[in-house]
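Read from first to last, the chains carry the letters A, B, C and D; within each, the first residue is number 1.
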Amino acid sequence: MIALVLVLPVCLGVCSLIAKNRLVNRIALIGTAMVYVAVPFAQGMNIVWTVQPSWLTTYFQFDTIGLYFFCIMTVVFCSAAVYSLFYFKIHALSAKQEALYVLEILLFVVSMSGVILSTHLALLWVFVEASTLTSAMLIYFEKKKSSLEAAWKYVFICSIGIALAFVGIIVLSIGSRHIDSFFFRDLYARATEINPFWLKVSFAFIFVGLGTKIGVAPIHAWLPDAHSEAPSPVSALLSGALLNSALLGLLRVQEIFIRARLDSFSNFLFLITGMLSLMVSAVFMLRLKNYKRMLAYSSIENMGILFIGIALGRYGLFAALLHTLAHSLSKASLFLTSGNILYFYKTKKIDEVNGLLKTDPRTGWLWIVSMLAIVGFPPFPIFISKFLIIKAFWLNGMSWLAIPFFLFVVVVMYGMGSTVFKMAFGDSPRTTAVHSKLPASAFVPQLVLLIILCLIALHMPRQVMDVLHGATIFFQ
Amino acid sequence: MTDILIILLGTSMLYVFAVSRIEAYVKTLAFQGFLLFLLVIIDIQEIDWLNIAFLSLETLVIKTMVIPYFLFTVIRKNEIAREVEPYITQFYSLIIASAIFIFGFVAAFWAATTNAGIKPLYFGVSIMLIVSSLFLIVNRKTIITHILCYMMLENGIFLLSLSVANELPLLVNLGVLLDLFVGVYLFVIFFNKIQEMYDGSRIDELTDLKDE
Amino acid sequence: MILKALLFLFAAFSPLLFIGFINKTKAWWAGRKGASVVQPYYDFTRLLRKGEVISKTTSFVFRCAPSVNIAAAFFALLFIPMPLIGSIVSFPGDVILFAYTLAAAKFLLVLAALDTGSSFEGMGASREVTFSTLIEMAFFIVLGTLALLTNQISFEAIFAMLTVSAGYSLLVKILLVASLFIMLLTEGSRVPVDDPATHLELTMIHEVMILDYSGPDLAFMVYAAAMKMMLIALLIANLCVPPYVSSITATVLFLGVLIVLSVAVGAVESFIARSRMSHVPQFIFLMTALSLTAFAVVAFFLRGGLS
Amino acid sequence: MRSVLIGAALFSLGGLSALFVKEKFKSILFILFAALAQVCILPGVIQVLLSGGYLEMQLSFSEPIGVSFVRLDPLAALFALIISLGSFLAAVYSHGYMKMYSGESAELSSYFFFLGLMSSSMLLVVLVQNALLFLIVWELMSLASFFLVNYEHKKEDVRKASIYYLVAMQIGAAFLLAAFGWSSALTGSLDFNSFQSVVSSTGAYSVFIFILFFLGFGTKAGFVPLHTWLPKAHPAAPTGVSALMSGVMIKTGIYGILRILLLTGTPDVRLAYGVLIISIITGIYGIANAIAQTDLKKLLAFSSIENIGIIGMGIGVGMLGLVYNNPLITSLGFLGALLHTVNHFIFKSVLFYGAGIVYSQTHTRNIEKLGGLNNSLPLTSMMVLMSSLAISGVPILNGFVSEFAIYIGIAKSFSIDSIAVNIAALMGLSGLALIGAMALLCFTRLYGICFLGTPRSHVHSPSEEKIYSLLLPMAFLVVPMILIGIVPMLAISLVTSTVGLFLPGASTIVWLEIVSLMTTVSTSLAVFVLFIVFFLAVRKFLLRNKSVQVFKTWDCGYQQESSRVQYTGSSFAQPILQLVAELVPQKIQVHKDQVLFPVHASFESHAQDVSERVFIQPAVRLLNKFLNKFSWIQSGRMQQYILYGLLFLVALLLWIWSGK
């Protein structure tokens, strides 16, 4: 099963690179998407893939929270894959460029699933670093000056961060000399024996390292550049899946802390960074000129909300996991729709885009509805997770924190709302917008994502609920 | 014997602070790789010869020969000679470097007192290497210097892992080396692209993506 | 029952007599003989017999406003207690119905003024409405004071409870009489607020609103204005006349108070010059101040109240 | 209960089906669905209102919401009545009114879709008993009404107003989210009844939680400090929607406050005074600003704030009654509040529909340009006259009945012998009187300037007889206006069971007293009508053979005929505005070119919303200043970004080191 997930995409990517013809590229891309969709179902019916090298299962395993994050990544990857077909068409890429794009995306997805599956802390570090490297070329795919600068900053800052995380891992090994293994199950079992001082120092390093990858407040500066310069499907994957996989890494490390009953230290850390990210996103949401940067800042804000959720104990963790799912899907649909807008208006400037509903009603309404989803209006799950986090505030007795939380969330809502409505409404699209009809692949992925979101909000299917509860109880 | 090698490593870092020609940086990088190779060979504890062989291969071949040669060719192709004047002037950054060096020794003594079972001098010098390479990244302006300092950071981390001396499984070591190599390869690709687009490898021109 | 009807009719026809007395006192003070006291009745009947001239810009509002005004005046009269018979209709809350009926009349009066589309009528209407806003608030404070004093909210019950006694309740009565007297001057548009005998349209308030009326409509309007003044005079009279005094002397006293009031109004008109338009709100605030002090006296000193 | 839910669903179904139909049939289809919804909803509602019982149903949702009860008790039934009637009339009115926007079929379909969504979500708001589901439906209502307010998004100020509205609703929802979160955290369950223990006076934080609820629902209702969105949102919306918002949607805020009051039993005495004082301020502030407006719909929006103040006063008096457990005052207070909710729905909708007709005929809302519409729009002007009389509380019409109940409630509270209550009662009495008198001024100005006199500007107004779909809803509402005015018992019988909820033990003797009071009032009103008819007959008799000439108005012999001679709206309001200058500041812009003999000069005066200037703008300026201080974070220099991470790491290590 795991071999299927890790090895197959690499082979498909390589052979599409060799073949260099459009059909092979598409088969590789859609084929991997199909396989990734099949895996959770197979895992659900626990069909075990018989022939599998033993060391593979020791290092990679599906546990409940891993399955949850894997499903989110799969959904985002499928929508990005379908959208990429539209992306190939409008950018009229040559077969070679297409092949390169497919290879990089598949490697990127493999490295992310590696992070999700790995049960060894250092191996997890390796895959996080791999995901940075594979996504760097993707950001630079459009060969523009600004995307070069964004890619360079992304790669360098994240590599520095990840190096610091490796320092943290080594320091952790200092603290846990007698355990002498980095498998999570060993670390969890004997968490209390680890020397608390070295554990805290290692957590500080790992938190800063993985925090850089998640893009939380003091270490977020690369995120707006990287996510706004990447091609739309790639930035959807970046926001929807990459941030989550790094978050899963941090959650697994934080679990050691909970088992060692030191979680008051880590919760305080999560709380500060969460509030800082909210503040930063509120600061810049009001002064933005570029709508893709707006989406990036909204990712920072939602990661902030996630961190606050994690800091609020078991109830908050449930809200945070629900929020992860909601944020990934709505952010992916937002980035894909921004791709459409880019196709119509050829500009990322907010002032030069208006009357979107006139240009193409479908894109206009998708743009508005997915903004409503990300900001947290009712039919969408972020509203529910926000309510649960507020409730968690009171359960943990930190009610005074609700005031800044609400203040920043409303400021961000105002920033995004006024931008999106300024773009969507208004009468004359001044730019010579291209009036050709959009192919199905340009708006079907977003539609599917939004439908899944509504379904989750109003009537959560039982299986997803069990996975969610399993994920929180996993940490029990 | 190992202490001398480690002190040499520390002084090589000081040398990087002093000098401002880029070839000198690459030479020190190769020298550090070689020193690390010697340390690995001398400081054998475990029997697992496969791991040791891999580590020595890694330090000797990759860090001493392949990457420095690779960087040499790139520097020659783009005719970069000198480092640009950094934010904090050469003189003061040297003082800071020495302060970090002393801090490294203080950390070493402190590590000796705690019974965490780590080799004190290794620990002290590796901290010195990490902190000073981070300071260099923040302080210097050309991109190639950044790549080189990143490599020195990796050497520092390698030294820290040696100080703990509990062996990571082979698969993980392979992964770490692979990441390092691909990372440097990517940095150099980006470096060449920036050279073409920005005709001059000053890092502080790369500031048009901002929300001032 | 017939006595009630008889007395109601007498009260219904007395306002013009009230106006007559006022004009007589004004003339007497000015050293003129003045028209006879019954002169307003002659004018009223003369107007009833005349035809009408109606402006072409007006609508049905202009035509039905006078009838509603006079109807409201008569309807309001039902609630005021008379010496022998008490009030024709009384139920808890008739105080509010009394005030709001007069407000309804004023509503249509103002609309009729605006209907003619002339600047004088608009000016008069806006001034009338502004001053009535202030009067309304002060009048309700007076009613509040009475309600607090007697725990009753119908005129007949209130005045039945108001026994004469020295000390604070006398002070309260004096304050209430004074504030109602100011209300009398404002509602009846007498001198300090508005001069009924002026000829310059720009300075009128009440007279200018009925400028365009003629014939029976004008008669109704004049009669309604006089009746409104009479209503407030009756309230003051009720306040002054102690209810327990035997009925014959009560009626004589009652009429005496009414006559004294008309003489007072005439005197005020002869001695005091008309105040500037911007000073009129201060004059009306005087009423609010008086009624507030009355309320304070009752609330703090007469907490036991007379009830 | 099931039929009421189906009715609610029918509204949004109608909206949805309107998407797929040709433009001409969209409104007809929607009216059909709305009518069908009425058939489902009204019987159930009327039955609950008259019988006093309640219908209940259980809906089960996925985990976070859990099991939610949907209950139609008398309180919910009264508001459901207003909501369904209001939505149906809005549908009928939109059929005629939207002809103005014919042509953009996409816009129309989104209009009817969101109108259906808004109506059904409003209905669900009053039915749902689960906190999270309530919040979801509450936000859906704000969202749908946002898109309706944003309908004419071509205009810049409409877009700005709708964004302002959305943010205001979000702030209100934030308060509600906090309140519901807090109480469900304390009680552990999401059901309203479980909040009883938290919100009633025994609860530890009952006062704070009530204040949070009041702020949340007050934003939607429009109490003073939180009302600034109302005069911006209502004029921007198409008239059908602004009538629905003003008549019905702000009442959901009142519903929320009453629902929480129902749970609290006897509220804290300070809360009672607080609600009363805030309502008085709201009333006076609303009507003072209404007088200063020159835009027709802005004026009506401010008058909605004034009426919310009056409803709040009723609630305040009711709460005082509960505190001093005097059942008569309680029942009079809540009777007045609920009756005024119904009455306000009736006459405010008629006023907005009238304003819509005026706008559709003259395409301007500025009353300085209107005038003399009486002869071109006779039917509309008659109905607007009736509703202006009603809104200023003239006895024969329905406005008087609810204000009368509140007056009696206040007067009865004089019998409670505590100084504080007496002073509060006096403030209530004089406040209500002042509001009534200023309402008189405001609506004489509205009707006098717009409909009477001569037209002030060349305004083409073809005869309005043919727009029946606009006149029908107005006529439909004028009938109950007169009926409730003359025979108050009609409306009171509807409201008795709802008021009964608030009385601790439903004491019938109190009810008999109110019924007898109301019957005497109706008989005396009949006498008043008799008097009017008598004197009209006398007038006709006197003039039967006299000559009635028609000539021009008396103008001191000035021959030139001109409509500019007339008094304008702002000059009519100028004396009163001088008195309340601080409450309603006027921004005067005089433009005169600095030449010895200026040829062109212009004078412009706008009424400013003082609470916007005192509360909202400084807060926004402060927030912006604070946020802009941090803009250096994203400076573009990579070293700076890495430095952030390193400093953060060093700070963490130092903290751990000190913590060791």
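As a convention for this text, a residue touches a chain if its C-beta (ideal position, glycine included) is under 8 Å from a C-beta of that chain, and two chains touch if they have at least 3 such contacts.
Bear in mind the structure is a predicted one, so any value in this text is a computation, not a measurement.
Between A-B and B-D, more C-beta contact pairs join the chains of A-B.
Averaging C-alpha coordinates per chain places the centre of subunit A 79 Å away from that of subunit C. With each centre defined as the average position of its C-alpha atoms, the distance from subunit B to subunit C rounds to 101 Å. Separating the CA-averaged centres of subunit A and subunit B is a span of 31 Å.
Centre-to-centre separation between subunit B and subunit D, using Cα means, comes to 70 Å.
Listed for subunit A are residues 152-153, 156, 160, 224, 284, 287, each touching two or more other chains. Residues of subunit D in contact with two or more other chains: 631, 634, 638, 642.
Of all residues in subunit B, those that touch two or more other chains are 134, 137, 206, 208-209, 211.
Under the contact rule stated at the top, the pairs of chains that touch are A-B, A-D, B-D, C-D. Those residues of subunit A that touch subunit B in the shared complex are 55, 59, 120, 122-123, 125-127, 129-130, 133, 136-137, 140, 145-146, 148-153, 155-156, 159-160, 163, 166-167, 170, 173-175, 177, 180, 182, 195, 198, 224-225, 228-229, 284, 287-288, 293.
The residues of subunit D lying in touch with subunit B in their complex are 631-632, 634-639, 642-643, 646.
Interface residues of subunit A, counted against subunit D in their complex, comprise 152-153, 156-157, 160-161, 164, 197, 200-201, 204-205, 207-208, 212, 218-219, 221-222, 224, 265, 269, 279-280, 282-284, 286-287, 322, 357, 361, 372, 377-379, 383-384, 386-388, 390-391, 393-395, 399, 402, 406-407, 409-411, 413-414, 417-418, 421-422, 425-427, 458-461, 465.
Listed in rising order, the residues of subunit D touching subunit A in the complex are 61-65, 106, 132, 135-137, 139-140, 143, 150, 153-154, 159, 162-163, 166-167, 170-171, 174, 177-178, 180-182, 184-186, 623-624, 627-628, 630-631, 633-634, 638, 640-642, 644-645, 647-649, 652-653, 656, 659-660. Those residues of subunit B lying in contact with subunit D across their complex are 87, 134, 137-139, 203-204, 206-212.
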